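So, here come the structures, one by one.
Here come two complexes built around chain A, the first alongside chain B, the second alongside chain C.
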Partner chain A sequence: MTDDVTTQTPVDRQALRAEVQTKYREVAEMPDADFHFHTGRFLARHLGYDPAWLEPLPDPAVESFAGIANPFALRHLEAGERVVDVGSGAGFDTFVAAGQVGSEGAVVGIDMTPEMLAKSRRNAELVGADNVTFRDGYVEEMPLDDGWADVVISNGVFNLCPDKKAAFDEVFRVLTPGGHLQFGDIANNNPVPPEAMQDIDLWTG
Partner chain B sequence: MLEAVGFEAVQIGPPVDTFAGAGGEDKARAYAVFGYPFLARKPR
Partner chain C sequence: MSGALAERVFAQKLEGVGFDDIVVTNRQAFGMADAVDYLLFTPDLIELMERLLPPEAKRQFATSVTVTARKPA
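And now, the complex of A and B:
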């Protein structure tokens, strides 16, 4: 496997952020549009999410889900844990995490796309998730104190970060010693040519 | 890179054919792209 998550890439960070924001604004506002990836409840079932967590959630909390894999596949969260969902989108994984950690736990979702943040906050009210908050921020600059989190989750976000090391360094900073990083993301088994790595359109589509 | 940053006990779960049937399937096939769950721990 060529570890796509761990590769430094020569694209402009600000330009890529703008491109990602444009794409995910569309996913927030038009979740049933034709994207290069699946979305919503179909995708969550396809990725193997436990129906017990998926099915009770209302459609607005699921329809803009655009993850890559199941971040809960290798470890179930424990009651009372403090969790950060990096790139939380409209909040689907955040709400699954909130259910797993329960009322003694807390989940902070962080996203950089205003339309996703607004939708996630509306969804928190709809779901009645009292242990969830959403904050504006970037993977590489999370608005959290050192060691705040027992767990950092993420789904399909690190592959969109041009500086993977900076992103993982930031995750390491916000985790408490003994804390877990659990995420879903892509990896390629065939090499990607350098010219393709510099094509910003290929990063999001 | 996860180990280089300082994480330990890194695990990678089974692949999932994330883009099967989606618009991006052709590009995913070209580079053999799959989704994976990852797990790692910050040392105590």
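And now, the complex of A and C:
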């Protein structure tokens, strides 16, 4: 049985990252494809995103959204806050955050999939989000100084990290003292069998 | 999905690295009928789960959650 507090990586980290990139590349490049899952504006409404933040965004900034919950549900961001969106994808949550923190705040989106990064940068120009930048990076190795962020958000990302402790350690590092982590994700109701922990297809699925 | 944690383990992990004020909420039950709507669940995985999960687990095998935590000041 899996040890709840282990920091060991039960799968090949590089292979897992490659598999995740493949999956999200499809969503970035073919947002109108006939996926078996919901994406975009429909999903955001379903997850309870405030229409006031959702509706003004143009379709390209929303169409590749594939989150699992609403990280803004429990805490609205404050004007002027500095925010990191971990696993920012095409930038939907990043742009929602940018609207909440306003021109005095700043949001950095971090993603490891080149196609998502390219799309998010195009979307930033389209949205006119001057307080947003996107950077290439991993959850466990964020290109940010210690204590830079007031808030770290993410949506459906930590379940894809083989070493949760390393990921949470890195979030802790980039947060300022008193800073907030707020994220949506999926939790298992039952223990995961060891053989499933080693199956990359079952991680990305 | 194999990388998802139980709710209590989310809290344990966060506490372990130093976070406090940890709140896990906005729980939404996930069963097979919900899973097909999300990117995390591929058709192959859904087919596997249909075969392997007992009926009671098919109704709810996971939960989507919203988590907040704070780095101590």
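Just so it is clear, the second predicted complex is superposed on the first by the 192 of 205 C-alpha atoms of A that agree within 3 Å, B and C clash if a C-alpha of one lies under 4 Å from a C-alpha of the other, contacts with A are read in each partner's own complex, and residues count from 1 in each chain.
Just so we're on the same page, contacts are C-beta pairs under 8 Å (C-beta built on N, C-alpha and C of every residue); 3 or more make two chains touch, one makes a residue touch a chain.
Keep in mind the model is a prediction, meaning the values are calculated, not measured.
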Who does A:Val108 touch here: chain B (first), chain C (second), both, or neither?
neither
Touching A:Leu74, do we find chain B (first), chain C (second), both, or neither?
both
With both complexes superposed on chain A, which partner does A:Pro162 reach: first (chain B), second (chain C), both or neither?
second
Figure out whether A:Leu181 sits in contact with chain B (first) or chain C (second), or with both, or with neither.
both
Thinking of the overlay built on chain A, is A:Ala66 touched by chain B (first), by chain C (second), by both, or by neither?
second
Touching partner for A:Lys23 - first (chain B), second (chain C), both, neither:
second
Do chain B and chain C land on any of the same chain A residues, and which?
4-5, 35-38, 68-71, 73-75, 156, 164-165, 168-169, 172, 175-192, 202, 205
Under the touch definition given earlier, write down the residues of chain C that touch chain A in their complex.
1-7, 9-10, 12-14, 16-19, 23-26, 28, 30, 36-46, 48, 57, 60-73
For chain A, which residues are in contact with chain C within the complex?
4-5, 11, 23, 27, 35-39, 43, 66, 68-71, 73-75, 156, 158-162, 164-165, 168-169, 172, 175-192, 196-197, 199, 201-205
Per the contact definition, I'd like the list of chain B residues that touch chain A in the complex.
1-2, 4-7, 11-13, 16, 18-24, 27, 30-44
Chain B-facing residues of chain A, complex:
1, 3-6, 34-38, 46-48, 67-75, 156, 164-165, 168-169, 172, 175-192, 202, 205
